[in-house]
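Labels for the chains are A, B, C and D, by order of writing; each one numbers its residues from 1.
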Amino acid sequence: MRYVDNKAEDVKIAYIGGGSRGWAWGLMSDLAMAGDMSGEICLYDIDHEAAKANETIGNMYNSLPETLSKWSYKASKTIGEALTGADFVVISILPGTFDEMESDVHSPEEYGIYQSVGDTTGPGGVVRAMRTLPMFEEIAENIKKYSPDAWVINYTNPMTLCVKTLYRVFPEIKAFGCCHEVFGTQDILAKMASVLFGEEIKRKDIKVNPIGVNHFTWLTKATYRNIDLFPYYRQFCEKYKDGCTEYVDPEWLKGFHGNAHKVKIDLFRRFGYIAAAGDRHLAEFCEGKWYLESPERVESMLFHLTPVWSRKDELKERLQKSKRLLSGEEELKIKKTGEEGVKQMRAILGLGDFVTNVNLPNRGQIPNLPLGAVVETNASFTSGTVTPVVAGEIPKEIYPLISRICTQQEVLSDAIAERNIDKIFEVFANDPLVTCSLCEAKELFNKMVNNTKAYLTDYNLGG
Amino acid sequence: MRYVDNKAEDVKIAYIGGGSRGWAWGLMSDLAMAGDMSGEICLYDIDHEAAKANETIGNMYNSLPETLSKWSYKASKTIGEALTGADFVVISILPGTFDEMESDVHSPEEYGIYQSVGDTTGPGGVVRAMRTLPMFEEIAENIKKYSPDAWVINYTNPMTLCVKTLYRVFPEIKAFGCCHEVFGTQDILAKMASVLFGEEIKRKDIKVNPIGVNHFTWLTKATYRNIDLFPYYRQFCEKYKDGCTEYVDPEWLKGFHGNAHKVKIDLFRRFGYIAAAGDRHLAEFCEGKWYLESPERVESMLFHLTPVWSRKDELKERLQKSKRLLSGEEELKIKKTGEEGVKQMRAILGLGDFVTNVNLPNRGQIPNLPLGAVVETNASFTSGTVTPVVAGEIPKEIYPLISRICTQQEVLSDAIAERNIDKIFEVFANDPLVTCSLCEAKELFNKMVNNTKAYLTDYNLGG
Amino acid sequence: MRYVDNKAEDVKIAYIGGGSRGWAWGLMSDLAMAGDMSGEICLYDIDHEAAKANETIGNMYNSLPETLSKWSYKASKTIGEALTGADFVVISILPGTFDEMESDVHSPEEYGIYQSVGDTTGPGGVVRAMRTLPMFEEIAENIKKYSPDAWVINYTNPMTLCVKTLYRVFPEIKAFGCCHEVFGTQDILAKMASVLFGEEIKRKDIKVNPIGVNHFTWLTKATYRNIDLFPYYRQFCEKYKDGCTEYVDPEWLKGFHGNAHKVKIDLFRRFGYIAAAGDRHLAEFCEGKWYLESPERVESMLFHLTPVWSRKDELKERLQKSKRLLSGEEELKIKKTGEEGVKQMRAILGLGDFVTNVNLPNRGQIPNLPLGAVVETNASFTSGTVTPVVAGEIPKEIYPLISRICTQQEVLSDAIAERNIDKIFEVFANDPLVTCSLCEAKELFNKMVNNTKAYLTDYNLGG
Amino acid sequence: MRYVDNKAEDVKIAYIGGGSRGWAWGLMSDLAMAGDMSGEICLYDIDHEAAKANETIGNMYNSLPETLSKWSYKASKTIGEALTGADFVVISILPGTFDEMESDVHSPEEYGIYQSVGDTTGPGGVVRAMRTLPMFEEIAENIKKYSPDAWVINYTNPMTLCVKTLYRVFPEIKAFGCCHEVFGTQDILAKMASVLFGEEIKRKDIKVNPIGVNHFTWLTKATYRNIDLFPYYRQFCEKYKDGCTEYVDPEWLKGFHGNAHKVKIDLFRRFGYIAAAGDRHLAEFCEGKWYLESPERVESMLFHLTPVWSRKDELKERLQKSKRLLSGEEELKIKKTGEEGVKQMRAILGLGDFVTNVNLPNRGQIPNLPLGAVVETNASFTSGTVTPVVAGEIPKEIYPLISRICTQQEVLSDAIAERNIDKIFEVFANDPLVTCSLCEAKELFNKMVNNTKAYLTDYNLGG
């Protein structure tokens, strides 16, 4: 890498999971629009053909007229090849297939346990972690070996445990985890403020203090200019206590990701702080009987369960799109994602500071969560540096909710590191969503493990 | 108070709740046998007649031949009179009547929520705290006013919150909370060790490191002489995984307090540390679906739900006994309790050091629980001093279980201090035993509050 | 205050010490150049005539052609008038006169104690704190009364103790302390990097992690782009171990503030971290025998003692200048200061985020200094928010040096709050610069107190 | 080891430094009087002949009529032989000879630096640590290899650093450090209380809360029965502000160890807490100009510098005594030492609990000193367990004094572990006693290192 006229050239990015349809194209778009960076992206994927396809698609961006910056894409045959010499490593993988995810999400339904996402927490999150973390151990070992100085950006879920595993295996790693869930809440605040102050206010103008763990992040402060938004949000929540559909696209509302912020609003009214993730995620960290008791309850809370068949359908659609793009049947377009990965890279390269929320091991940014646990707070991104800001103590009212999740994840990290099935089960059994009896919990766990055993070869599963 | 020949004379003890039948007589017995202390006990009770009766009974002890130490008992008309000049204050009150307790314990059963005790945690514990803590605020104010230098020993439940309230209202108070639940587990270890080592080993020879909150205390270390008992306890738990009835009086086992340690053994097998309270208490701090799912589950775990009618029956029996004692129909007998209150007083007076478990605000004895939260650990009792020992961090495996309870109690303490019904409800709703839906939880809470409203006059209960 | 087209209008700034010649004019310049802010500055000073003079001068800026932003200056008769309605409060006062400072700085010389500045630490700093902190108590009380929501920026020394006092008296205050000393070290690094990388690098491109207390701040990290500057600085320090005069104006070097960074370089070579303040300040926090043993030692370390007569001369010159400006004899010129006060105000108003070093109470930004002690680290400035970043633990090697200073200042804060002369003396006696015997220290302290007693009327000075 | 009728038989003790004349005999006496313990002591010493002599002397104790308990003494040829199978390890060695100590203590005098002991802190302590800690590394390695489960009691100075080294090399070690210095202060308090209360009060009846580091330990609480002794000690210190010779043997006062507690009293009057070590030790941790400025100052403070020739003379005398004992010329007598080593062993074996002060790594017993630093506080000794009590935070007033020492020792531990001469020097230069210039400090350090280089073969000393 070198700097020429305030531009960073020859930047090398290794992309683990680089065969992805969707995520990868978003990153390609964002990189194409980063005018002061250029270089090479090495795509590594266990599905090498998919990586090859993305190599072709990626290089097609260079010919688009709007492209500000050219990048050379290359599918790497080995992870070592991809990582060697990398300045940045991006990790975005799907652990297993959607068949495994189908088991994660839907098996618990037989026991009255409903999950709106099923990839982070709850029974699905636990079993997904079981197959993901061994992969992250291997990735961390490879980074240690091939690119110990690279900056590592993770997008894979379960976010907290993936980042934790990277640091557990290679403590000197310069890794952080990115997630856009907080942005959505900033958007709501921006819309609220736009109405209030009669001017168009953007997400980035809403400043917040996020605190918690990924997908269960809360805001203890929210400001616009020198104005505290909490009193306004309180009024907003009273007004929209039955859900806010006003700022919401009615089509989106009907879709599986759509929601009317009713869970978020209810949590504010109950606990006094702003829950800052989509309702589908928030609901999964609460007691199972609160918001996910039954499909009817979910409906009445104006959000949706995301069935895995919908993900399968989407994937099929994206595979088709990939083909169309490759064949030229569909025209490639640059579409910025709103993700901040590229902005973060630029900051680290010294091309523009900013502060945003990320997932990092706790060094004291949240003094009342365990040191070393991966937490989500703001961090200052600048030249060669990502430093968390002091988010402060989690307020008493929401502390039992958040610390329970955080400390359960700490046990799960250990348990998976030890490949200790019994210990993993105890985390499973103590999860807020596991509302069945202990005996049924055991039965369910065994089923879910058995369903996904093709990806659990590292564990001694008995029989 | 003065010392004469290594005896403490003219010791003044104020007993709040001094009209009690049962507890008071136990203390009287223990004091009669404390050969190196004598003085005066002022009995204060809102039921002054009961206190008067105990004045008479207390003074009868002085004539018993075994009595080593004479004490003058006096029923005080006002709390100020009782407290003025006190060296020690003992607090053991019943907040409300057993009718209120009946609501605490049994109302939740309509919602499928079973409580084996119902006085510390769970729905019953929350509502009991609502009526108890305002009383403790008043007691603390009076101690501040009348006997700020006295040592205060609390026996009332919910223990943690009662002690917390004393310190909240009067931070300089010299108070601690005593509970015998850990002793029972030491007894089991003593019996186990007796068999192992072929000699008679007593509870006091088993040394332990208790850690946690009252009634949900765990042992991270247990020794006999220079021998670590954990490996032996592990074998014990495997052997008795279906419950240990061997060391147990079969009659006791049938009674409401009887149990075969099966919950305790199961918790060890699941989490690797020794839960150290009676199974009836332990079960209440765990997820409702683990051990208290149904009366059948309780039965299969070999413990019992304690119905409040049995407490009412016992009380009637004790009232009869009181009459018989007063009339001379029944002979008064000294019967040492096994409680350590008098031993603690003696240590504080400089008459014999010892280390035992008590409930105190956290000053660092458990570094991973919040400072100021009331926790149960060992403390060193010596001249004018009660100092917690460093119990250490709660091990990761059991940390989510214990910290959840501890931090919920912290919110409850605030919520009751603020008389904030909504905030109290959130603690209620997030309790491990509240396994019904959010909506039912609200309904249940309102019912329980309404049932006991005669003792909740401090709160704005609306309509 | 209101926002019009992304500009903040009607901003009200109260300036305590607003009669200053020099500092005030710098602020006026910076404000004139802040194109997106305008409003009113109320100048309050115990010397009302001086404030009146500055009112006139301030308003003259509005007619300068380069002025981007117009401000209305007004001398306030009372502090209440100045503070009422203020959005920002700037505090920059001289506690006492230069006669008192003369005693602070030069009296200790009779005891072989040399101070290069004498306003922050050492014997001079202690006695200066004695007369300054009571003034700050009064200022804090007034802010609490008249403008509790204002943002307060302090520039007065002793910085740490002034900020501490503001928070002690009014814990909800939104105050921070600004100092440019770290900038000087960033400048050196920028010059070093410019030579290394063959391009012009500016201070603001050098990113650092400052840690410590004001004027004794250290850098544990320094980067340019994605490059760690520590290895380069190590080479730099070896090369310039006898001082670096290369980048230095020879005239400046001869002046009282001039220095060849030899102390800074020596500290790096001894302790491995970058001391980040001027050598004159750094030397004062070290053992008296290290760099300030004698005028000869100072000379050999290539820095200077600043005699107070030079300050008096400067003041005379500035008074003359004030007259010339008022009379029009001298032309008023806008001269940006390089201070960041106005930039900080803009960030707080939502007009541009940035991260810079400030003095704030420790909320965990430095986990191994006491909570509540005022420390200097980076903080994120954004809409309505100043949040420290996690600077991390002070490294072991420099921890004894910094923690000693920090904790002595904590005692001094208490001692002055209590007006406890004996306790103040113990801080004095334990100061690294107080190298005389205990008995001489007492004598010196009494002399210095006596010399400045006109400003110590709050204390019981005996006799 | 086995237990027979509440006695511990076949206890094996390994004594490292077992050739000592003096210390060893004291331990022999104490063991002979421990009626409920018996077994074997393996004496290991680099001077094997000395160990052999003590083997003979030790076994002679068994024939004394007062002997309650018989022990078999054996000189071990190798440390492995001594350690294998040991239940306890006692370490009491002299690192180097008194010639090295002569350099430690007296070389600094040429630079105006006087040390009253010179074995713990100050220039002498630093250089002594340089030769001692490598020996402790080796001892720790051997314990890890030969007796990892043994309890290890250290008596060697510098105490803090020796215990630190044991834990650094073998973190699972069960080691603690014992020192009787606190006892002396308890004795003074006992004498004071005896006069006050008109009865004979013994040291063990005075209960204290020690806090700090070895030889610089302070009491934040002192009680007799339920009585706070602080108000009385305050009066005592006012009365005896010129020194207290009243309770002191005039002969002892003249001897090198004699002192009139004047330093201790002065420290109380200055700082408000009870310094709890002999004045000779206390003075060495304070600024050099406070109490050790000159021999005259020492004399006026009524304590003494201990010249090393006096230690040499004593040693000669003890060597003579050894010969006389061996030849039967002098009769062997049991003389209990007042040390608590044997009492601690008994407690660990389950033969009698108690609480006393020891040196242990900080696990939170002093929350405002670094975790892992070796600190001195009370600990509870019981069956198989040594647990520190929560001593609490060091009070603000004395925190700068104690934390400076503690954190300097932490750096010294690292520096010696790294054999980093430059880093060691920085600790030396920043020691409170090193009152000479930096340049002289370097000269002195080099001299002292050179004088003792025969014992510093592990270090790269250059030239």
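The rule is short, and it goes like this: a residue touches a chain if its C-beta (ideal position, glycine included) is under 8 Å from a C-beta of that chain, and two chains touch if they have at least 3 such contacts.
No experiment lies behind these values; they were computed from the predicted model shown.
> Greatest Cα-centroid separation from subunit B: which chain?
C
> How big is the gap, in whole Å, between where the Cα atoms of subunit A centre and where those of subunit B centre?
46
> Express in whole angstrom the distance between the two chain centres, defined as the mean CA positions of subunit B and subunit C.
56
> Taking each residue of subunit C in turn, which ones touch at least two of the other chains?
Expected reply: no residues.
> Which chain pairs here would you call touching?
Those chain pairs which touch are A-B, A-C, B-D, C-D.
> Tell me, which parts of subunit C touch subunit D in their complex?
Touching subunit D from subunit C are residues 270-271, 287, 289-291, 293, 297, 368, 370, 396-397, 399-401, 403-404, 407-408, 410-411, 414, 422-423, 426, 429-430, 434-438, 441.
> Along subunit B, where are the residues that touch subunit D in the complex?
1, 3, 8, 87, 205, 207, 209, 221, 223-228, 348-350, 353-355, 363-365, 367, 378-380, 382-385, 387-390, 392
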